Structures are given as C-alpha cells and as structure tokens.
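Each structure below is given as structure tokens.
Two complexes follow with subunit A in common, the first pairing it with subunit B and the second with subunit C.
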Partner chain A sequence: MKDAKLLYQERVQLYKDAAAHRKTSRVLNLANIWTWIVYDSGFKLSEALFDSKIMGQAVTRFQEKYQFDFFMDFGFRNPLAISGALGHTDYIIDDEAASLSIKDFSYVEPEDYDEICENYTKFLWTKFLPRKYRKLNEPGAKALMLNASGEFGKFAQYATDIVQTMATDYGVPPSLFTATPLFENFYEILFNWLRGIKGLSLDLRQRPDKLKAALDSVGMADLSGNTLKAFKQTSRKGTDQDRGPDVLTALLGHSILSKKQFEVFYWPYLKEVFDYAEEYDKIVHVFAESENSRFYDFFKEAPKNHVVIHLELDDMFKAKKEIGDTVCLCGGMPIDLLYNGTVQANIDYAKRLIDELAADGGFIFSQNKMVSYASDCKAENLKAVNDFVREYTL
Partner chain B sequence: MSEQTLFAYPEGWNEMLAALDFLPEEQREGFLKALVGILLL
Partner chain C sequence: MVNVQLLTQAIGELDESQVIAVLTEFVAATPTAEEALNVLNACQQGMNVVGERYETGEYFVGDLIFAGELLTRAVEMIKPVLQGAGTATIGKIVLGTVQGDIHDIGKNIFKSLVEAGGFKVYDLGVDTSPEAFVAKAREVGPDVVGMSGVLNLATTSMKNTVDALKAAGLRDGVKVLIGGNPVNSEICKNVGADACTTNAAQGVKICQGWVR
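Entry: the complex of A and B
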C-alpha cells in the first residue's frame, strides 16, 4: 500500500492528465456511488442520513473495501438533518429497499418570475421557505431556523472532517460534490428544487420570456445564488494542484429539452463555465445525466483539455469518436451489468472500456448511473472491477 | 418583531441575521444565504 500523501498526489495528477488527454499508466477510478455506500456498509439510510458519525463510518469503511481514487460524494448530497430541523422533507426513506425517493413539488408559481428577477434572495426568504417548510408559518419560526442553523453547522463540520480524513488516511482528494465549487444553470435549480418537471415544462411553452429573464438574472450560480461571475473575480489563473476539477456543473433538466430549446435555455450558461475554464486555465467536470448525444455539437465547442464530461446513458464508444478529441470522457461502467452480470462479464466490459477509450488518454473510469439503491450494484462485481482497474496498466 | 413578519424582507432577514449571534457579524450573511440554499435540497 502506498503512502496516503503519495496516493493523493498520484490521483490528482491522473485526473489532470486525463482531462488534458495525456496518456497515463493506469486509468483513474471515480466512484459515482451515492446512498449505496450506506447500504453496502451495513447501515440504514434512516441512521446515516441523520447521524454524521455513522455516515463517516460508512464512507471510510467503503473506501477500505473498494479503494476508489475519487468520489462524487462523501455523504453530503442529502442533508436531511437540516431540513428535518424545520419539520419537513420532500424525501421518502425506505430502509428495506435502501431507497430514497423524492415527492413531486412546486414552490414557484408563474407569477413569481418577476420577483426572482428583482431579488432572488428575497424570493427564497419570503416565498420559498414558508411554502416548503409549513411550520415556519406558525409561532416559533425563529427557534426552528436556529435549530436548522445548528444542524447546518454540524453538517459543515462533517464535510470538513470527512474531506480531511479521506485525504490523510486514504489519499483520496476532495469529492466532487462535497468540496468542489458547483455552479449550475439556474434552469437546473428550477427543475430540481423550485418549479419541478411539470411546472418547468409548462413554462418553456407558455412563458418562455419570463423563464429566460430569470435564467439571465440569476445566471450560473450555486444553490445560494452566488454567481460564477463573482467567483471569477476571486480566481487566479491555473488549475488547483490540490484537487481534481476546479469547478463542477451538473446537467439533468436538459433531458426534457430539444436541441433548439437547449440553444436558448442552456447553452449560453454552459458556455459561460466553458469560457471560464479556458480563460483561467481551469478544469470543469460536467456531470451530464440522461442521454446527451443530441447536444454533442455544443460539447464540441468546449475548450480542449479543460473539460471532463461524465455521461450517463450515452454510447461511450460513439461519444469517444464524436467528442472524445475535445473533452475527456468519464463513466461507462453500466450498473445493470454490475448488478445482473457475472464477475467475468464485468471485468471483460471494464477491460473493453479502458482499451477502447483510454488508450490515448482522455478517459476516467466510473459507473454510468448514480449507484443508489440495493439493486443498483453487487458488491462482488464492484470489488472485482475495482481490483482490475487498479492493476490494469495501459 | 412578531413571528408573522420573520419572512419579510429585509426586515425579517435582518432580524434572523441578528439572531445568529454565535457567529461573527461579518460571517452571518454568507451563513444564512448558504443555509437557505441548502434548504432547497
């Protein structure tokens, strides 16, 4: 076993080399594994999601077993203890199925777009919070908010601690979701958290100008509305040598857009983060869920050697031919195979991915979909694949 | 300030900032914005 510090440096360098299409001695293995970490470590979701000590044990136990190079998440993605302090969550936990599902919702009404444009923080404070968290409309709201503040403080401490532990004990750089600045098209915030699929689909057709104005107003931003434009002001040129990507962005709501709609409602904002990467010599990790091939003409405009795209449902071999010269591809290992296939079938497919996608650089190995539920993966297959990927030299 | 106006802006927002007195004053705005952001999830 290598020293954790050396492993850390090797892993960061492998990420940088892959992003830059430099040929590497082995392929980096990124865990696109989320709540399955809790399931596989023998804990219940209802325990780990509300107890950061248990979550920390699940993450470290998981790493000892599988020895990944990088992680999408260290257990930070579902901060239910914070929303739980306000007496509400949109999530439904099923410990038996090890599943976490989300209810349908809409906390934005069509008439709210003007207020979002006027002052997004004001909208979140005066409209979103009291609509989502109904108990905040009752006496004692300030005390509830202080409770949530306390849980948020604990969660932030957990994030700091787990990043430190994974680095010093296991040589794993900061996870992408936990500790990498995340800027998304405001369309994604609307799609995932505020307006919902149904509402946003209607807005695309019935009030496209209002929607577009809101996207322009908030821009590429984090969950709190802090913008990429402001972040740029604090950036220095050059990629950070202590982490993999410098910035993360995530695409999911694009799955309901045509190419023509993408050009209007998505591309100008995605291009902003691409331009940032080029201008400041940074690396952007694009987490692109669903099937993306109809958007490849846009992805081809990414600055070469600055963008890694994690594709979920795409044909990776076709993607390699069409966009692989421009962007570094990430993903590829089908979770259907990880659950239903034999150990040998899994190793054979992993070998094919590496042979065909990584021979000349520009590929990071990972699971195609977010591994979340018990039926998303079998432990013996994942272990065998990881042992193979770690030892297989190019 | 009554509970009914806590979610007024900027009055209620400022009231909540004042209640975060366990933090240095200059950190409260960023903390509250981050908290509200994570409550989207």
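Entry: the complex of A and C
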C-alpha cells in the first residue's frame, strides 16, 4: 500500500494527465457512486442522511473496500437535515429500496421572471424561501432559521472533516461535488430547484424571451447566486495542483432541449465556463447526464486539454471518435452490467473501455450513471472491476 | 366550419395561440358532437406530427411535455361539445410508473401521445404495485399493460409485475410494453415483456401494431 500523500499526488497527476490527453501508466478510477455508498456499507439512508458520523463511517468503509482514486461525492449531496430544520423537504426516503426520490415542484411562477432579472438575491429571500419553506411565514420562523444555521454548521464541519480524512488516511483528493466550485447555467438551477421540468418546458414555448432574459441576467452561477464572473476576479492563472478539476459544471436540464434550443438557452453560458478554462489555464469537469450526441458539435468547440466530460447514456466508443480529440471522456461502465452481469463480463467490458478509450490518453474510468439505489450495482462486480482497473497497465 | 387542416398544422407546430384561436371560434359556433369529433381527430393528427418531429430530432422532450399540455387544454375546450358523442377507441391500455419509482414525466408524455393515437388509457399513477396493475387489468381487460420507470430498480418492479400478471392468469391475454431510461432488449427479455422502448412515439406505434 502506497503512502497516502504519494497516492494523493499520483491521483491528482493522473487526473491532470488524462485531461491533457497525456498517456498514463494506468487509468484513473472515479466513483460515480452516490447513496449506494450508504447501502453497501450496511447503513440505512434514513440514518446516514441525518447523521454525519454515520455518513463518514459509510464513506471510509466504502473506500477501504473499493479503493477508488476520486469520488464525485463524499455524502454531501443531500444535506436533508438543513432543509428538515426549515420544516420541509421535497425528498422521499425508502430504506427498503435504498432509494431517495424527489417530488415534483415549482417555486417560480411565470410572472416572477421580471423580478429575478431585477434582483435575483432578493427574489430568493423574499419569494423562493417563503414558498418552499412555508413555516418561515409563521411565528417561530427565526428559531427555524437558527436551527437550520446550526445544521448548516454541522454539515460544513462534516465536509471539512471528511475531505481531510479522505486525503490524509486514504490519499483521495476532494470529491468533485461540493468540494469543487460548481457553476451552472441558471437554466439548470431553474430546472433542478426553482421551476421544475414541466414549468420550464412551458416557459421554453410560452415565454422564451423572459426565460432568456433571466438566463442572461444571472449567468453561470452557484445555488446561492455567486457568479462565475465574480469568481474570475479572484482567479489566478494555472490549474490547482491540489485537486483534480478547478471547476465543475453539471448538465441535466439540457436533456429536454433540442439542438436548436440548446444553442439559444444553453451553449452561450456553457461556453462562458469553457472560455474561463482556456483563459485561466484551468480544467473544467462537465457532468453531463442523459444522452448528449446531438450536442457534440458544441462540445467540439471546447478548448483542447481543458475539459473533461462525464457522459451518462452516450455510446462512448462513438463519442471517442467524434469528440475524444478535443475533450477528455469520463464514464463508460454501464451500471446495468454492474447489476445484472457476471464478474467476468464486467471485467471484459472494463478492459474494452480502457483498451479502446485510454490507449492514447484522454479517458477517466467511471460508472456511466449515478449509482444510487440497491439495484444499481452488485458489490462483487464493482470490487472485481476496481481491482482490475487498478492493476491494469497501459 | 373550422379549418381542421389548419388545426392539425397548428398542433404540429405547437402554435398555442393559433390552436386556442381556432378552438375558441369553433366552440362559439355551437357545433354538433359529430363536428367536435372531427376537430378532436384533427388534434390527434397534430399530435402524430409532433411524434414524427420528435423522431427526426426536431422536437425534444420539453416539446413533448408542452404538446401534452396543449392537447389537454384543447380537449378541455372540446369536451363540452363532445357530450353524448361516442368516441371510437382502438384499444385499452393500463399504464403506470412501477413500484418504487415516482418519475412520471415519461409516462405522461406516452399517455398523451397514445391517447391521441386512439387508445383509452387507465393511468394508475406512480409507485404502482404489481397488485394494482393486476387488479386494474382484471377489471378493464386491456390490450396492453404499459410500465414506465427511470430508476434501475424499476426493472425489478417490472419483472415482479409481469410475474404477478402470470400468477393471476392474465399474462397471455395482454401485451406488455416497458419504457424508460433503464430498459433495453436484454432487460426486456429478463422482465418478460413483449417490447421495450425509450421513445414514446415509437411506443405508440408498437401498441397500434398490436391492436391492428
């Protein structure tokens, strides 16, 4: 077993080399494993999501078993205790299926777009929060906010502790989600948090000008409204040698867009983060859910050696031919094979992925979809694949 | 009399204001139930155009969601005139998102297209148990049982539902279609379904092929 510090440096370098299309001795293995970590470690979601000590145990136990190089998530993604302290959650936990689902919602009405353009921060505090957390409109709201603040403090402490533990004990760099600055097209924030899939589908047709104005107004931002434009002001040139990517962006709402709609409502903003990566010599990790081949013409315009794209449902071999010279590909291991296939079939597929996608560099191994629920993966298959990927030399 | 070709075209182009204008004028002219059936048929033809444009890539999922809403609104406007008119259906489908999964966008898109394609749909909603599928199938005697899901766990629920249909002696009398993100031909075989699709418009064609 290598020293954790050396492992950490090796893993960061493997990420940088893959992003830059440099040949490496082995392929980096990124865990696109989310709540399945909790299930596999023998805990219940209803326990781990509300108890950072249990979540921490689940993450470290998982790493001891599978020895991943990088993680998408260390258990940050669903800080339900914070929203629970505000008296509302959109999530449904099912311990039996180890599933976490989100209810349909819409906290933004069509007439809100003007106000969002005028002052987005004010909108979040005066409209969004009271609509989502109705108890904030009642007496006792201040106590709720204080409780939520306390839970946020615990969450922040957990984040600090687990990043530290994973680095010092296991040589694993910070997880990409939460521990890496995340900037998304405001369209994504509307899709995932504010307006919902149905509302946004209607807006694309019924009020495209208002929607476009809101996207222009907020730009690439994080969930709190901090923008990429402001972030740039504090950036120095050069990639951070202590982490994998410098910036993360996530694409999910694009899955409902045609190519023509993407060109108008998405590409100008995604290009903003690509331009930032090129101008500041940074690496951006793009987490692109769904099937993306209709957008390859846009992805080809990414700055070479600065962009890693994690694809979910795409044909990776076709993607390699079409965009693999420009962007580093990530993903590829099908989770239906990880659940339904034999150990040998899984190893054979992993070998094919590495042989065909990584021979000349520019590939990071990972699961194609987010592994979340009990039936997303079989432990023996994941273990066998990870042992193979770790030992397989190019 | 309303220009049905214009209406079909307006639905196909997702031109909401044109659709509403045409239907407002139509309803105001106190039409007969038979005329309303022709108008409904024109709307259904328009949805076929939407399905075709989806298959060519011109439209995408957001457009299908909008089309479903547009059709629902159109039907609401025509409905009062349709009272008493017998609407012909080509088949019956029991439809639901399977147990453990609450995603209903894909199911609802398929529902609006397959209704427009001539089917009577019995929508069981989301998180539907195998027992609920069996009970509804026994009650209405459908031509097709349609199961939808997004999560990988949905495929297990789909298999459980097919097994429950077999145990209830209903499997041989129905076709089973599965749809959604996790399905493919291999899964289809494991589940014991007759067909699978990740494309709602294609799913409608499969169902139409079964009843014609």
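Throughout what follows, the second predicted complex is superposed on the first by the 394 of 394 C-alpha atoms of A that agree within 3 Å, B and C clash if a C-alpha of one lies under 4 Å from a C-alpha of the other, contacts with A are read in each partner's own complex, and residues count from 1 in each chain.
Here is the rule we go by: contacts are C-beta pairs under 8 Å (C-beta built on N, C-alpha and C of every residue); 3 or more make two chains touch, one makes a residue touch a chain.
Here the structure is a predicted model, which is why all the values come from computation and not from measurement.
Once the two complexes are laid over each other on the shared chain, residue contacts for A:206 go to subunit C alone; subunit B is not touched.
Using the contact criterion defined above for the overlaid structures, shared-chain residue A:230 touches neither subunit B nor subunit C, since it reaches no partner.
Contacts of A:139 after superposition: subunit B is touched, whereas subunit C is not reached. Legend: residue contacts after superposition of the two complexes on their common chain; A:101 is shown touching subunit C, with no touch to subunit B.
In the overlay built on the shared chain, the residue A:359 is in contact with neither subunit B nor subunit C.
No residue of subunit A touches both subunit B in one complex and subunit C in the other. Interface residues of subunit A, counted against subunit B in their complex, comprise 77-79, 82-83, 86, 119, 121-122, 124-126, 128-130, 132-133, 136, 138-142, 145-146, 148-149, 152, 155, 189, 193-194, 222-226. Those residues of subunit C lying in contact with subunit A across their complex are 14, 16, 57-63, 65-66, 69, 100-105, 151-153, 155-156, 181-182, 184, 186-187, 190. For subunit B in complex with subunit A, the touching residues are 3, 6-10, 12-13, 15-16, 19-20, 31, 33-41. Partner subunit C is touched in their complex by these residues of subunit A: 92, 94, 97, 99, 101, 103-104, 197-198, 200-202, 204-206, 255-261, 294, 313, 335-336, 339-340, 369, 372-376.
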